[in-house]
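As written, the chains take the letters A, B, C and D, and residue 1 is the first residue of each chain.
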Amino acid sequence: MIDASATAVAVKPLRAQTVLEVKGLDVRLPTQSGILHAVRGVSFDVALGETVCVVGESGCGKSMTSLAIMGLLPNGAVRTADRLAFSGKDLTGLTERQMSDLRGDKLSMIFQEPMTTLNPVYTIGDQLTEPLFRHRRIGRQEAYEKAEAILERVGISGAKRRLGQYPHQLSGGLRQRVVIAMALMCEPQLVIADEPTTALDVTIQAQILHLLKQLQREFGMGMLFITHDLGLVARLADRVVVMYAGQVVESGPAKDIFERPVHPYTQGLLRCIPIPGRTERGGRLGAIPGMVPSLIGGIEGCSFRSRCPAALPRCANETIELQDLNGSHSYRCVLDAAAGNDAWKRNAGSMEKTA
Amino acid sequence: MLVFALKRFVVGILVMLAVSTITFTLTNVAADPARTIAGEGASAADVEAIREAYGFDRPIIVRYGEWLGGALRADLGDSYRQRRPVVDVVMERLPVTMSLGGLAFAIAILAAIPLGIIAGLRPNSWIDRASLTFALIGQAMPTFWFALLGIVVFSVTLKWLPVSGSSSLSHFVLPAVVLAYYATPTLMRLTRAGMIEVMQSDYIRTAKAKGLRTGKIVLKHALRNAILPLVSVAAVQFGFMLGGSVVVETIFAMRGVGYLAWESITYSDLPVVQAIVLTIAAIYVVLTLAADIMNAWLDPRLRSN
Amino acid sequence: MSQATSEAPVSTFAAPRFPIRRMLRHRSFVIGAAGLGLIVILAAAAPLITWHDPYAQDLMNRRIPPIWYAWFWDHPSAGWHHPLGTDNLGRDYWARLVYGARISLLIGFSATLVSGLIGTFLGVAAGYFGGRVDLVISFIITTRLAMPVILVALATVALLNSTLLVITMVLGLLLWDRFAVVMRSATMQARSQEYVTAAKAIGCSTPRIILTEILPNVAAAFTVIATIEMATAVLYEAALSFLGLGVQPPLPSWGLMLAEAKEDIFFSPWMITLPGIALFVLLLSINLLGDGIRDLSAPGGRS
Amino acid sequence: MNFEGLIAGTIAGLVLAAGSAQAQQAENKLRWSSTVSITAPDPYYNFHREAMILNGQLVWDTLIYRNPQTGEYEPLLATSWKWIDDVTLEFVLREDVKFHDGRSLTSKDVVYTYNYISDPANKINVQSNVNWIKNAEEIDEKTVRLNLKSAFPPALEYVASLHAILPDGFFGNDGKAGSNGGLIGTGPYKFDEFVPGSTMQLSRWDGYFDGSPKGKPNFSEVEYRAIPDPSTQMAELLSGGLDWIWYVPKDQAGPLSTMPGVVVNPAETMRISFLSYNVRDMEGGNPLQDIRVRQAIAHAIDRDTIVKQVVGQGSTAITAPCFRTQFGCQQEVTQHPYDPEKAKALLAEAGYADGVTLDLVANSSRDRAWVESVAGYLSAVGIKTNVQLLQYAAASERMASNRTHLFMGDWGSYGINDVSALLNNFFTFTPDDMARDETVSNALKAAAATIDKDTRIENYDVATKRIAEQVYWHPLWTNPTTYAHQADLEFQAFPDENPRFFQVKWKD
C-alpha cells in the first residue's frame, strides 16, 4: 500500500494529476413523504493511478455519490455541487449529450450486480463493442479484435468464443470480468467501481480484486471504489472516505484510518471486521446497534448520535463540521481526536444492554 | 429447441382434444339436434325419423368417437342449416375474419407500442396521462356502442366510410378500428409497464454508462426486453379479438366467422358452432406456439433450455 | 418517487404511513372508489330515490324524452315526473337505470365470486403443489384460454336459458383464467418465502399453511384481478344482451337497456346514451379502483 | 371467394369505394336487405321468405299467378288448369317459356320439380307446403297432372305462391342446387352470383317471355345483402347504400319518415300474433288446465292499447284466431275484452288470488317490446312470467317437449288465404299443438280433406269457436310490416308480406 504523505494539505492527493474533484456535492430526491437528502456536502478528490475507497452502510449515499458523478441519477433527483470536475473540466455545466460523450470513454463505471448489469438478449461481443462504436471511429472487425484482446486481458479464456455467447451462459465471476472489460474498452482515466464484488463468491472476489488492482496499475487510471466491506478497503485503498447518512464523517489515507480511526462510526465499523493482528483470537466482533436515521427533511445535529456510544447533549443541536486532523485526515465529530479515545470500549457495555 | 417445439405441439393437440370434448358435450347434451334439423312445423314422427336417420339415438360417446374420427380427416359433418360440409362453410368465412383480425391487430400494435413506449419513458407526464386516459376509455366503452357511434359519425354523417359489408378495404376500416380499440389498452399498458420496469433495470444503467444515446438505449436495449411479455399476451389478445369479432361483424354485416357463429347459434346450427370454436381454438394454439417461438428468438435465455 | 436505486434509502425513522392516507392521496383510487361507491349507494337506495316501479308500464306515456328536452327544446311531455324520460313501454328510465345498477352489479359481483373461487382454487393448488398438479392445472388453463369466451357463452346461454342465474354462472365458469394464472404465480412466490418454509418445518398441515400463510399473501393480487374480472363480466353481459342472448326482459340490466335502445341511436340517441354512460362510469370506476389497488398494494406504492 | 380474390377485391374496392354511393340509380340497380342470411339459393331448402318468395319469384316462376289486387288466379307458366277430381289437378303449359340457358320449359321440368320436392327423402325445409302432394305425372309434353294424397282445398294457393318450377335435374345426383346446369330458372332475373349467408346478385333476363303477368324486368340488376342489425340497415338506407328495407322497428318508422329522400310505409299483413296456452299435464301441475286462468289471461291484456302504442300503424287488434280474409275465418266467436278486474276475479276464483308464475316463450325475431307489454299487463293482474325470447325452432322445441306454459308467437300462413295454412299447423296434434283437443283437430282435418266449401265452412266454424270458447289461443293482433325505401322507388305493399320486386321500378 502506498502511503499518503503526512505533509499533504487538506484532502489533496500527493500524486500528480487529479482526475476527479468533488466539492460540496449534494443530491436531493423527491419522494412521497418529502425531499430525501441523500448526499450532503460530500467532497473528495481522485488522482490518476490512485484508488479511493468510499465506505459506508447501505443507504449512506455512497452509490448516489457515484451516480451523481456519472450523471446517472434517477429521474427527478437534483444534483448540486460547489465543484464537480473531471480532468479539470466542470461537469455541472455539461449537457446530457456532452456528458454521454464522456461516459464509457474517459469515465466509466463497473456496477454491483453482474447478473443484471448485462442485457440478457444481446451477445457479449455486441455489448462489449458498443462503447467503441460510440466513442471511436472503428470498423466492426477491429472492434471485435479489441474486445477479444480485452477479454483475454481480464482473464477470460477462449475469448473469441465468449464474444458470441449470451450473458446467461456465463458464470457470475466471468460476467463480472466482462463488465470490467466493458468499462475498460475505451481506456478510461477514471473507473468508478460500485461494490463490484459484493455479489460474488469469496474466492472469485479475491480474483476480481486482484485483477482490478493489476489493471489499474497497467492502465494508470484513477479508481473510485465504493464498498461497505472494510476488509476490501484494507487491501485496496490508497485513501478512504467514510460516509454516514449522506455525509463524509471521516476521510484520510488508508493507513491512518485503519490505525487511528477518530469518528465513533469508523471505530464501530472497524470493530465489525476481523483484522489480522488486531482482533483478538476468540474475541467477539462488534456490531453497531440501532438504525440509520431518515434522510427525509432536515437533520439537526450529528446524524450518528442516536447510535453513538459517546453522544453528548450538544450533539443534538450543533451543526458539526469536518475537522482537520493532520492535513490529510479529517473527521466530523465533537470528540477530541488527539485524546485517542475509543468510544466503543468505554461504553460498549451500556450500549449492548440497550440493543 | 426442436424438443421444445415438439412438446408444445403435443400440448396443442391435447388442448384441441379437450376443447372438442367440451364443445361436443355441450352442444349434444344441452340441445336436441334432431328437432333443430327437422325445423319449423315438423311433426313428432318427422323428428323421430331424423333422430334415427342421423343416429342421434346412439350414446353420445359413440357419436363423439365418430365425430372425432371425421375431424381427423378434416370432416366436421354437415351444417344442419346449410346442408353442406361444415368445413366449407367455415373456411369460406375465415378470410374475412382473419383480415379483420389482422388489420385490427396491426392497428392495435401500431397504436399500443409507440404510445406505451412514450408513456413508459415519461411516467406521469401529460402524454402518459393522456395515453392512460385513452386506455381507460377503451376499457370502459362497450364495443357495440363505439361501433354504432362510429357508423353515425363516419358513415351516416360524414359519409367517409361505408356502413356495412366486407367487399372492400374501406369496409374494413371502421370495424378494424373498433376491434383494435378493444385490444389496445391491454397491450399499451403492458408496453408501458414493461418500459418503466426495463428502464429502471441495471443493464439500461449500464448502457447509459457506456455513453449510448437515448434513441439507441430505448430502441435497442429497452424495447426488446420490454416487449418480451407482450408477445404471449398479444397472441392471447388476437384470440380475444377473434371472439370479439362476433359483435363487430354482426353490426357491420361482415361475412366472417363471428357473424356466422352468431347466426349458427341463433339457428342452433350446432356443428357449425362446434367447428368455429374448434377453429378459434386451433388458431389460438398456433398463435401461442408462434409466440413461444418468437419469444425464443427475442430472448436467448429461452433458447438454451 | 423512489426509483432505480439499488439501495433505496430506507426511512425507518419516518412516521409510519397510514394506508388510509395513502389511499386518499391516490387519485385514481379515490375517483374509482367514489364512482363505484356512488353506484352502489344508488343501487342500494333505489326504492328511496325513485318514485316509479321500474317494471310498471304506461303505454300512454312511451318514449318521453329526459327533462332537458323541456329546458332546451320546449318538449311538451318532458318533465320532472320522468326526469330521464320513459322507455318504449313507458317505464321510468331513471327507475330502470337505478334498479338496473342492481342487476349489473349483481352479475359482475356474482360472476367474479364464482370465477374467483375456481381460479383461486386452481391457481393456489398449482402454485403450491407444483409438479404434476401444476402440469395438469396449467393444461386446464391453456384449454380454457383456447376457448373463445363470448362464443362459448353465447352458445351455452342459447342452449340453456338466458336467465340471470345461467348468465352469471356461465360467465363465472368462463372468466377464471386470469385468477388462476395470477394466483398460481403469486402462490409460487409466497411458497418460497421463509415463513412458509418455517411453517412447514414446524410441521404445520398443508391446509393450515395455505389458509394462514399463502392466502393472506395472495389477497392483494386477488383484489386487483377481481376488479378487472368484474368489469369484464359486466361488459360481457352487455355484449350478450346486445346479441339478444343476455338477461331477459323485463329485468332492467344496463346491457339490456343498451341493446333495447340500439335502433334509437339515430333519432333518440338519449335512449342509448344514458345506459351507455351509466355502464361507462361503472366500468371506468371499477378499472380505476383496480389500478389504484394495484398501485397501493405494490411495494413502494407508486403514486 | 378465395383469399387472393379478397385481396384483389379489396384493392378494386378501394378504388371504387369513394364514388359509389349515389351512382346506383344510374346503374339501374335495386339493392335490398334484410336481417336473414340466406344459405341456400333455391326456394326449397330455406326457411326464409326472402329466399322462398322474394328472390324465388324473381328467378323462377310458378305455374299460376295470383293477382294481388283482384285475388284472382292468372296464367303464368300454365295457360290453363282444372280440377279433374278432388285429388287431381291438371295444368297445360305455355309454349314460349325458356330457361336462362335457353332451353324450353316442358312437362319434364314440372314433373321433376313436384316429384323432387314432395319426396320426403329429399327433406325440403317446410314439409307442410308439399306433404299433401302424392306425385306429378306427364300427360304429354305440355300437359302435367298433380296427384294429391287426399283432397286439399288450398292447393292452388300453394301452387301459385310457393311452388317455383325448377329445370329438370336441378339438384343433380348429390342434392346440390344448380349442380346440373347451374342456378337457372324461367323468371325475369337470373343469378349472377350467390354467396351463402351474405349476398345474391341477379341481373335481368332478356329472354323473359312476353305476356307474363309479372311483366318484363325493370332493373338491370338486383342485389340482396344480409345485414343482421336493423340499425345498420337504417344507416345504409340513410347513407344511400341501400334502396329498400323492411321490418323497420316501429319507433324508428316515424322519425325515419321525416328524413329527406326516404319513404316509410307501414302495411298490414296476413301474419297474426297470438298467445297460445299449454293445457297438457306438466311436472308440478299446470295452472292453465283451469279455464278460468286462461280466461283471466285473456281479459288481462289490453290489445287495443298495445296495438296503438307499441305495435303501431299497420296493425289491428283481432278477436278471432285467424286473419279476416282467410277462407274459413269465423269472426263470431267468444270474446275476451280487456277487463283487469274480471281477470283478477277469475284468478281468485281459480285459487290464485296471490298470483301465479308462468313460463312464457316468445319468438325472438319480433319486437321484444310486444312480449314485454303483454308480460306487463299480465303482471298487473298478478301473473308473473318468466320470459324467454327464442328463435322459432328453439321455441317450437319448448312447445313440443312440454316445457313452457305460454307461447307468444305469430304465423304468416305463407300468404295462403286459407285457415288451413294457419290452424292446421297448430291444432292437429302437431308438435306445436299444446291444446291437443280431439274436437278441434277432427274438425280441422275434416275441413282440409274436402273441397266442398260448405263442409269446410261448417267444420272451421266448429274449430274456431271451440278454440275461442276453450281459450286455447288468445288472438292478439295482425303484424304490420314497415317498409322503408328511397323516395324515388315505386313500391306497393300487400298483406301477404310478399314484396313483388318484379313490379317495383324507379319513378320517372
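What we mean here is this: a residue touches a chain if its C-beta (ideal position, glycine included) is under 8 Å from a C-beta of that chain, and two chains touch if they have at least 3 such contacts.
Just so we're clear, the structure is a prediction, and the values are computed from it rather than from any experiment.
A.B. asks: Would you kindly count the fewest steps from chain B to chain C, each step being a jump to a chain that touches the current one?
C.D. replies: Graph distance in the chain contact network comes out at 1.
A.B. asks: If we look at chain B and chain D, which chains touch each of them?
C.D. replies: C
A.B. asks: Compared with chain B, which chain's mean CA position is the farthest off?
C.D. replies: It is A whose centre lies farthest from that of chain B.
A.B. asks: Determine the chain that sits nearest the middle of the structure, using the mean of its CA atoms as its centre.
C.D. replies: Checking distances from each chain centre to the full centroid gives B.
A.B. asks: Go ahead and note the Å separation of the Cα centroids belonging to chain A and chain D.
C.D. replies: 90
A.B. asks: Report the inter-chain centroid distance for chain A and chain C in whole angstrom, where each centroid is the mean of the CA atoms.
C.D. replies: About 51 Å, centre to centre.
A.B. asks: How far is the middle of chain C from the middle of chain D, if each middle is the mean of its Cα atoms, in Å?
C.D. replies: Once rounded, the distance between the two centres reads 44 Å.
A.B. asks: Enumerate the residues of chain C that touch no fewer than two other chains.
C.D. replies: Touching at least two other chains: 3-4, 6, 158, 244, 262, 265-266, 303.
A.B. asks: Mark out which residues of chain A touch at least two other chains, giving numbers and ranges.
C.D. replies: 113
A.B. asks: Which chain B residues sit where two or more other chains touch them?
C.D. replies: 31, 148, 152, 156, 202, 205, 250, 262, 266, 268, in rising order.
A.B. asks: With touch defined as at the start, can you tell me which chain D residues reach chain B in the complex?
C.D. replies: 1-3, 6, 9-14, 16-17, 21, 37, 39-40, 45, 47, 125-128, 175-176, 195-198, 225-229, 231-232, 235-236, 238-239, 241, 364, 391-394, 396-397, 400-401, 425, 430-432
A.B. asks: What does chain C use to touch chain D in their complex?
C.D. replies: 55-57, 59-60, 62-63, 88-90, 158, 161-163, 244, 248-250, 260, 262-268
A.B. asks: Help me check something: in the complex, which residues belonging to chain C touch chain B?
C.D. replies: It comes out as residues 3-4, 6, 139, 142-143, 145-152, 154-156, 158-160, 231, 235, 238-239, 242-245, 255, 258, 262, 265-266, 269, 272, 276, 279-281, 283-284, 287-288, 303.
A.B. asks: Per the contact definition, I'd like the list of chain A residues that touch chain B in the complex.
C.D. replies: 70, 72, 100-105, 108-109, 111, 113, 116-122, 127, 130-131, 134-135, 166, 168-169, 179, 182-183
A.B. asks: Touching chain D in the complex: which residues of chain B?
C.D. replies: 31-32, 35-36, 39-44, 46-47, 79, 81-84, 89, 92-93, 95-96, 99, 148, 151-152, 155-156, 159, 162-165, 167-172, 250-253, 255, 259-260, 262-263, 266-268
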